[in-house]
Each structure stands twice: as C-alpha cells, then as structure tokens.
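These are the structures, in structure tokens.
Each of the two complexes below includes subunit A, the first together with subunit B, the second together with subunit C.
Let's turn to the complex of A and B:
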C-alpha cells in the first residue's frame, strides 16, 4: 500500500464510522418505572438541619468540626462525612423568607440520583451503578480504583473523596440503601425524609412525587394546602400551611434527562446554585461522541496508522542508509 | 454594708415580710432584669421609701381579668402585699373595696392630684367600633376612659395580650374593632407586657425598674421590655436539643412525647414567640409547670399574629433559623474536596502535553539518527 492509498482508506473509514455514530446517537435514558426519589420543597424548609443530623446518625458519619471551640456539626458543603447539607441563599437585608430580593431561602444539597447519571457514565470500572429497579445510584467500594473521574462527571459536585485517608474511598448519598443499611429494601424511608418536621424533604416514588410537585404548582398562592410528611404515598402526618408563590419549575423533571431527587422553590434555581443544564442529558451527548470515536476502534486505528506512517517515513532513509 | 443605711423595720411591719425575704425578692427581680446587687439595693430602698411609691390607675377593658388574677396568685411569698404596697393602687376595678360613682369620683380626684406622676396600667382591649359602645365602665366608654387617663400619665403599661395587641377580641373577624393600647394611644410610649395571662414577674420587674430609676426599661419595637421578651422561647427551651437532633413527638402519648422530645411537629409556637417562659416558667407557677414543661406545645399567647390567630397544631415559622445565623452559603465548599476549574484545566493541559510530546517524539525519531550520521 502506498502512502496515498493508505490515507484515502483510513480517512474514508473514519468518515464512515463518524456518520454511523451520529446516526446512532443515543437518547436520554428513561426513569425506571419503580424509581424512588425525594422531593425537596425549599419553601417548607425551616433550616432546622434535623435532616443533616439524621443523615449523619443513620449513615454513621462523624460531625464536621470547624476550629477548636465549636463542638457541633458545622458542615459547609458535601464532604466524605457529609452526604446531605442545608445551605442558604441570602440577598439584601435577608428579612423575607423565600424572597429573591431582600430575602433568604434554604436549599438542600445531596445526591440528585440522576436518571442518566454522569458519574455512572464516566466510571471506568462500574463501581458506580444505577440500580435498574429503584434508580438509586449505588457505589461499590471493592470495585473502585479511586480515579475520581466521577467527581468531574457530576454536575452537582456530589461524589466526595476522602483525600486524608490512604485507603480513600468515594462517599455519596445512596438513599440509605447501601449494604448493611438497606432501609429502602426493608420498607423504610430515607433518614432525612423521616426526620424532616415540615415535609420539606418528602420521600416516595418518583412518579408520585412528580404528581405532588405538579399539584403544588397548580395551587393558588395564599390558599391553605394540607402538606404531607414522610412518604408521599402513605404520609405519616399532614400539616396545613398557606401556599407560597411557587416558581413554575420542577428541578429534576427534565434537567439533563431528569433526576430522582427533585426540587421546587419560590426563587430561581440558578440562585440556589443549580448548574445551567438543558433537557438533553450531557451523558447521552458525551457517550454518543465517545462511542462514535471508538466504534470498531476506527479512530484509534487511524491515529495508530498515522503515527506508524510518520515513524516509517522518518526512518525509511535510515534503513536504506544502513544498507549503503 | 449598704443595707444598714435603710431602715427596714417599718417596711417589715408594713409588708408583713422579713427583711431577708424582702431583699431576696429584690435581688431576684434585679437578676432577672440583668442587673447587679447594687440595683437590688436601690430597688429595696425605693420600695422602702413610701414617698417614692407611684400612684397607679388601673383600667380594665375587654378581657377576663386574667392578668390581675395571675398577679394575685404569684409564687413569691406575700407578693400581693408587695405589689399592693409597692405601688399606691388608687383605682382598680377588681381590687377596689368600694364601688359605683364614689370610686369613679376618687379616680378622677387621684388623676387630678397626681397629674403627670401616676402610672397607668391598661388591662384589656379597647373596642373602637361604633364609638366604642362595646365596653363601658361607669357610663364611660373604654375609649374615653383610656384617653382621659393617658392624658397626664407619667408612664403607660399595657398588661396582658389584650391590652398589648388586642388579644382574643382582635382575632378575626373582630366585630368590636378591638385594638391594644399601643394601637389606640399612637402618640404615647406604651410598655407592653403581653401574655395570656402574662407572667407577673415581667410586670413586677418592669414596675420596680420604673419605681427605682424613674424611667422605663429598654423596650423593643413592640413596646416589650427587652429583658423579658428579648429572646424566643425556642432559644432557651430545654427541649431544644431534641429539635436540633430531629427528635420530634408526632402525637400526644407516642414514644417521642413520653420521652420528652421536641413538640414542634405538634404545633409548638416557641420558635416564633418572644417570652421568657423557659427561664421563669409561664404564669410563675414554678416546678416545671408551663405548657412545654407539661408536654403541650406553646400556644404563642404573647405573640401578636400567633396566639388566637394561628391554628393550634399548625407549624410555626422558625425565627431562630434565619440569616445571619450560621448557615453555609450556596457557594460554600469544604476545603480540597472538589475539582475546581483550575485543576480541571491543569489536568487537561497535562493530557494535551502528553499527546503533543508523543507526536513530537515520533517525528524526531528518525531525524536525530540521521543527524548523528
């Protein structure tokens, strides 16, 4: 094969592979029909942090101590020992709850349990897996090689690596269903949803929670609504409260293919630190690109071929010179 | 010793209490006001000095006389003697022995005589609807009586939730147009001691401060003395650790309720009610007997817009948990726990450099050898 033929063939096959790949671009994954999740209603949250404490108790995590004097948990963000944290948005004089201007609002940070999770997509050893039935993104410490690619693959900054530990592992919320705890499998709900006194963190199936969220969107501000607590499918109790002015936006209904943990609030989500995400799951985009590039190992073959040619061209003279 | 300067013998006789009991009381009141021993002696001196006792005109409007009853049943020994001798109670519709036009005449006489010197205590709401016909005393409406008495008062104290902001009468639909004394006497400074009934200690403390220093203690925007109403019940509640740990009683008699867990889920209004019940205990009964102490959620009786306005078992707004209380902001990050833009860029640069290096190495592979020849 001469140089010209070789380039023609390799470019042609690369183009073929590329066009075939684009045609096969995969769509967003669909939520599991039995997927469980949580609904966080920012307007109901009173900032008591009972969920943060319950999470640490249930998962056996130690409190985050800041400085030498404070002897209580003061986690500032998700960390290896913090799977759930309540943060605050503030503006101006910070007087009115759930007001974008001169107000404040609470926001929960925990694993969103994406329908099409980035961490699962990037994990090279399938240590992170989405449970096909519950939709929970689970972690297997025995499979993990500690590459931490999942940390860059997550748009919500959820997976956390304990750098201080020589046998460091990844830590994230597994909906209290990890090995040894298995609350969901035993018919219980997550620790945070169980502890929440206002029903701001509501447990249930993704479907039922989405219905509940849509029902709240449709309510008139000011009218009294009976808010459920605990599991939305079988609430442990209710409490009456005037309906706030909800943003007509359920975060997690469609964002990047949707999430099993959904949020609703009275102020825009970008103010609550949510990343700008479209409806198309970025995982579907990146997987389409990657699987195209690597389909039939076409691109690696092209690169290898190119390098081989380069080496051959530059070393041809040597061989001839040697003979001379 | 400072106390030797006073002659307590007359006082002991008059109040029928020992010097020791009396000084203990004064020290206790001074301590709850956040004042020291010196203030306690100043108070003792003020009470012992008969000339310093201010005349008091006490009006009753729309109410149940709960505040007066609470005052009379105060826990401290001989308190009824103290309160009656501490001040010169010239007019009080419940406690006056006399009745009818004679007493009304005495009231006018006392007000005239002590112009600008007397203390006016308002107990009960003032109905404004239909020219105030819903409450009349001695042929005079409460509206007129209050206006008349407030005219030359040295200080005005609204005692009880009804007098402070209208109380149960002012709850929707409020057919009598009831308002509290501060809403009626807009151009005057009115100290409010809300509560249903209010803690007598809060009243006595405020009055003793007035008697001792001739001025009213520091008050907040709603006229409440800061020493008594400066903090939410939630802040000093001994069930608070259960709240912070997420341990809540969910119904009366359940496990959490029996174990003394937080009553927030049962509708406790402690998180939005300013009062000193956790330290002094509601109604000064003592022995742990106050609503939260006996396992009932706080009703918020002293808080405008809460008591008689919010449903008993509805959840309250947690005012302690508001900024600038310690919360991580949305942007907060734990140290070295995440890949920043910089580290991502560095990682990208490293990969790019490795690729470039291998390409350059490949292209140079032959050149070096040919140059050597």
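Let's turn to the complex of A and C:
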C-alpha cells in the first residue's frame, strides 16, 4: 500500500471512527440553499483555453509571460495572476482523447468553492468567507494578514500568495463575484462558463448541475446527447455529440463534504491531479477537536482556576514561589 | 537582594559573541531585502509550500524549544517540586527569548504584516480557526513571560516595593504561564489535522495531534533545561547542577515512554506500520526520529546514565533533535501537497533564521552576565575566576 492508497482508504474511515467518540463532533457543512456552481465535463474540453483568457480579462489579471513569448499567455498552473488553468493529462503515444491508456485529456483547475471550505475554517481573521446563500467563497484583502494558513488548509492548493510583491495579497477565483465585479449578483454567469465554446464549463445552480451530471452518468456510451452551453438552467445553445464512456463518479458530489464546482470525466480523477479525499472534510475534524478541547473557552477557565489554586498553595509563605 | 541568584561576572564581548554578531548582521541584511522586495526575493516558498523554515523553525519548533519555562513551571508549581527552583530563571529567560523569536518570526513571515492588528479585533476573529488561537495565546504568553521574568529585572534595579507588590499577584500570572502554552502547543498539533492529506500518514494522527504536540513540547522543554544547565556549567566552568538534572531525567523517561506508547499505538491501530518500512523518505525520517527518542530513554533509564553529566547532556541533545525532527517531519520534510510542488530553503532564508537565533543567544549571554539569572555558585570552581 502506498501513501496515496492509504490516505484514500484507511484515513477516511479512521477519521470517521476517530471523531465518532468526540463530543460535539461537527459534521460536514451542508451546501448553501441556493448554491451557485459550475460543472466541468473533461470529455467536452478541447483545450482551447478560451476560459483562461476570459478569466484574466474579466478579473483584470495580466497574462503570464514566459521567456520572449510575448504573444502567448503561458500560464501553466494557478498563480497570483491566474485563477484558472487548463492542464493536460497524457499517456503513451497520446493518440486517443479521453483514453486512460495511450491517450490525453484536459482538466480545469480553479477554486472548487467547497461546501465545507478548508480555507474559510482556518483563516484567523475571517478574510475568507462562504456566502450563506450562494456558497461562493470570497476574499477580503483588508482583513487578510497574509499568514497563508488558507493555503495549507485548502485541499486543492488553490489560494496563491503574491510573494514577489512586498505588499502582496492572496489571489483566487471568487466566481467572478468579488466586490467591483459581482457578475453573479448582477444576473450574469462566470466569465469562464460564458466563454466556453463546447459547454465543458457549464454554469448553474449546484442542484441543477448535479442533476445534469447524474443524467450524463446514466447515458449509454455512443448514443447522441444534446449538450447545453452556458447556464444549464437556461442554455444559450446546444450541440449534439456522441456520449463518451464516463467514469461513474461526480467529483465534488461528496468529496470532503462536496464542492460547488464539480467535475466529470472518463479518466480516473487521481490521474487528473485530484487529491486523495474521503467524504469527511478535514476541517470538520479539526474544528471538532478544537472545540471539544476548549469547549468554547470554558475548559481553559476551569483549568486556570485549578492551576491558580495549586500555584497559590505551592507558593504560599515564599516570596517567589516554590520551596527552596 | 536575592540570596539565590547572581549575575555571572564575565566579560560580555567575547570572540563567540562577535561571531554571533556577524551571523546576525547577514540575517538582518536579508531581512531588509525581504521587506523591500517581497518574500519571493529571499525565500523558496511557492503555491504548495506556503510555510517554509520561518514558520516551521521559528514558530513551530522554536516555541517548543522555548518550553523550558513551561515544563519547569509545571514541575515546580503544579507538582510542588521546589528543589528545581534554582533552574527557573534561566529557563524563563530562554523561554522569553524563544517565544519572542517566534513572535518576530510570525511578523516577518506575515505577508500582510501591516494589518497584523486584525488578529486582535474581536469582529475580525474567526473562532473556528486554530491559527487565531495560536496567535492570541502566543501573544498573551509573551506578555506573561515578561511578567514572570520581571522580578529578575526589579532585583537588579532594587525596585523592592514594586517587586513585593508583584509577588502578591504572581501566582495568577504563573498559572496563566502554565495554561497558555498547554493551549497553543496543542493547537499547533490541531493545525496538522486541517492540513489533511498533505501530511504524511505516519504523522497524520488526527485527533491525537494535540496530545502528541503537548507531549513533545514537554520533552523538548525539559531537554532544553537539562541542556542549558549542563552547557552553562561546562561553558562557564561552574559547578554542575547534576543532582537536580538527574531528577529531571526521571521525569523525561516517563514522558518519552508515554509518547512512544501513544505514537506506536496509533500507528499499529490504524494499520500504518508498513509505511514505516516502505523504504522511502517518510520511512527513513520516521526511523531516525524514533531512534532519537529511544536513545535518551535507554540512557536515562539507568541511574548511572542519569547521574553522569556528560551522558545527561547527550540524552538532552538527542531529545531536542527528536522533538524538532518530529515537527519538521510533520510540517515540512514529509509533507507533500502534490501537483509537483517541492521546497528546500534558500540560503538567504536559512541566514535569516540563523541570524534571529544568533540574536537570541547574544541577548541570553548578555542578560545572564548582567542580571541575577543563574543560581549562586555554592562551591566556586577553583579556576572560575581566572577563566573570567
């Protein structure tokens, strides 16, 4: 058994067993009532990166220039100026799209807008918050102290700190809904979903997207399906395409409490770079442990009372404490 | 004037002192670069490794090394073992400096340091955040350590009235000084739970994290007391306090035994033992770490080992390394955030940490030579005066 297998199997169940006995154990958080999300269908992605460019345009981010290649945005991974990238999976002779062996496939990387977000739980100054209605995880630069705990607590390594700037800040996708942009609040969809020519990045409510994903899982490979583009609840257009062989796995339905941005594909997700996650979110465990230990500061107060009594007893009749 | 403590009558500026000063200057130079050009100019931090040695050494390991005052306070005041009191002031001073270094490390590592005060604004606080708890507790503990150490300063300046007044409430401060480290040292462990799958399974003990963190803080705290006391008796050629230290040896044996039982119990219970023999980096680090814990256990188990100053010193060194490695392993060395991220500290990064440690040692040397910190030497060694 290697590290990854171990994490996926044993650790998940151990976590359940371990916290079962802890008083006040908090379960995973629930999806927001009107959670907004996206569904990324890897089998529809053609790797055009229109979404990468659109994301940079709407968020006012500069292109990533590597060497003298000034005409290309060479973003290869998430970065302070890159909230969204398309990564490629390759194997063998790389001939067949969406084939695990001798094939290739595309994968989108951006904030997953977790239902039980690690970044929100660990941030000491509430700079990251999950919107109670839309579930969108946004960032407040005026609150942030730059401790980067959020980066350690995010299971997907999404938040990026701008190390090269002496007055740097944290950067991540806020579903195009940060102050000043607020596309969702204004009834628009996300920049990346709007730009996607194939509907690989689909916008909508988490509920509608989950239904759509389940529908695709149930389709027979080879039959023709009318794929929507834009907003799944009100598609801007459709296109017909033969159904690929989907993995029966909707990433983000359950992983670590689920995510509002979900992925489906015909390649196993660990090959696409998804982390080894069980159903229980790690922050639900850390918060349970923390709150059990402290019981909202009552326990430390009681302990302090006891300690004070002991110390007083052991220092009485001595000017500096302790017998000499 | 205290009957029990006295300043060490030695020259402050010595050759080692100057060498430390040079290291400090190099560190301060790179620190300047960090504030002018950003952290990227001096560190190798990246998207997968947001915390490097500044956090893991200065705060996670450094505060544990600074637990001498905590460990000794528990022994002296809670378990009423007053005979260890002579070691108290040096331990408190080292703790104050270590925690000061931790606080300083936190500020220099803070990407948006000019907004640090948000940590203390109640309406900004996130009470689910373990980091908030660490930040608040460490800040409070630094103040507590200052108060705990202040009698030494008052004694020096003969502020007897003030000292008498402080003594009336000192017991409360001492109690806080026991509670606060217990809280934030355990939280440093809880922090690893939230880091989830990135932490190697051999170190991801979930709900046992806080307990293991407190236990290692204790072992390191006692080890640093033994180490400092032996070293200052060797370095300053004073009468060794071996009779006191061997008693601490017994406590240490108990602590390590409990620690190893829990550590291995968890690993066996969750079926992770095979990972210890996987032949990769994780298993190698685990074996080294375990050996470093077992060595002092074996040495201190025999009364002979406990009474011999030299073997006591080596046991302490091994234990310091063991506890430090445990934390380094969990937070950095075996941590794997995936996606091809890797981290090794840069030269400037290392120099900043070394520079801060150098300053810490320089202040320690300065203070023990000018303030009544060390226990009065009852049988001055014949050559002590000439060595000065």
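Throughout what follows, the second predicted complex is superposed on the first by the 271 of 324 C-alpha atoms of A that agree within 3 Å, B and C clash if a C-alpha of one lies under 4 Å from a C-alpha of the other, contacts with A are read in each partner's own complex, and residues count from 1 in each chain.
The working rule: a contact is a pair of C-beta atoms (placed from the backbone, for glycine too) under 8 Å apart; a residue touches a chain by one contact, two chains touch by 3 or more.
What you see is a predicted model; the values in this text were computed from it and never measured.
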{"item": "Subunit B versus subunit C as contact partner of A:198, first or second or both or neither", "value": "first"}
{"item": "Partner chain in contact with A:78 - subunit B first, subunit C second, else both or neither", "value": "both"}
{"item": "First (subunit B), second (subunit C), both or neither touched by A:304", "value": "second"}
{"item": "First, second, both or neither for A:155, with subunit B first and subunit C second", "value": "second"}
{"item": "Which of subunit B and subunit C A:124 touches, first, second, both or neither", "value": "second"}
{"item": "Which of subunit B and subunit C A:239 touches, first, second, both or neither", "value": "first"}
{"item": "First, second, both or neither for A:218, with subunit B first and subunit C second", "value": "neither"}
{"item": "Subunit B versus subunit C as contact partner of A:65, first or second or both or neither", "value": "neither"}
{"item": "Which superposed partner A:315 touches (first subunit B, second subunit C, both, neither)", "value": "both"}
{"item": "Subunit B or subunit C, by number of subunit A residues touched", "value": "C"}
{"item": "Overlap of subunit C and subunit B interfaces on subunit A (superposed complexes)", "value": "77-79, 148, 151-152, 157, 160-161, 163, 273, 307, 310-311, 313-315, 318, 321"}
{"item": "Partner subunit A, residues of subunit C touching it in the complex", "value": "4, 35-41, 43, 45-48, 50-51, 76-78, 80-85, 88, 106, 109-113, 115-116, 118-119, 121, 124-133, 135, 151, 167, 170-172, 174-176, 178-179, 182-183, 186-187, 190-191, 193-198, 200-201, 204, 206-207, 209-210, 270-272, 274-275, 278, 282, 336-339, 341"}
{"item": "Subunit A residues within the subunit B interface of the complex", "value": "46-51, 53-54, 57, 64, 74-80, 82, 85-90, 94, 97, 104, 106-107, 148, 151-152, 157, 160-161, 163, 195-198, 229, 236-237, 239-241, 271-273, 307, 310-311, 313-318, 321"}
{"item": "Sites on subunit B touched by subunit A in the complex", "value": "243-246, 248, 250-251, 264-265, 267, 271, 311, 313-315, 317-318, 321-334, 336-339, 344, 358-359, 362-367, 369-370, 373"}
{"item": "Complex interface listing, subunit A residues touching subunit C", "value": "1-3, 6-7, 10-11, 14-15, 18-19, 22, 77-79, 118, 121-127, 142-149, 151-153, 155, 157, 160-170, 256, 273, 275-277, 282-283, 285-291, 293-294, 296, 300, 303-304, 307-308, 310-315, 318-324"}
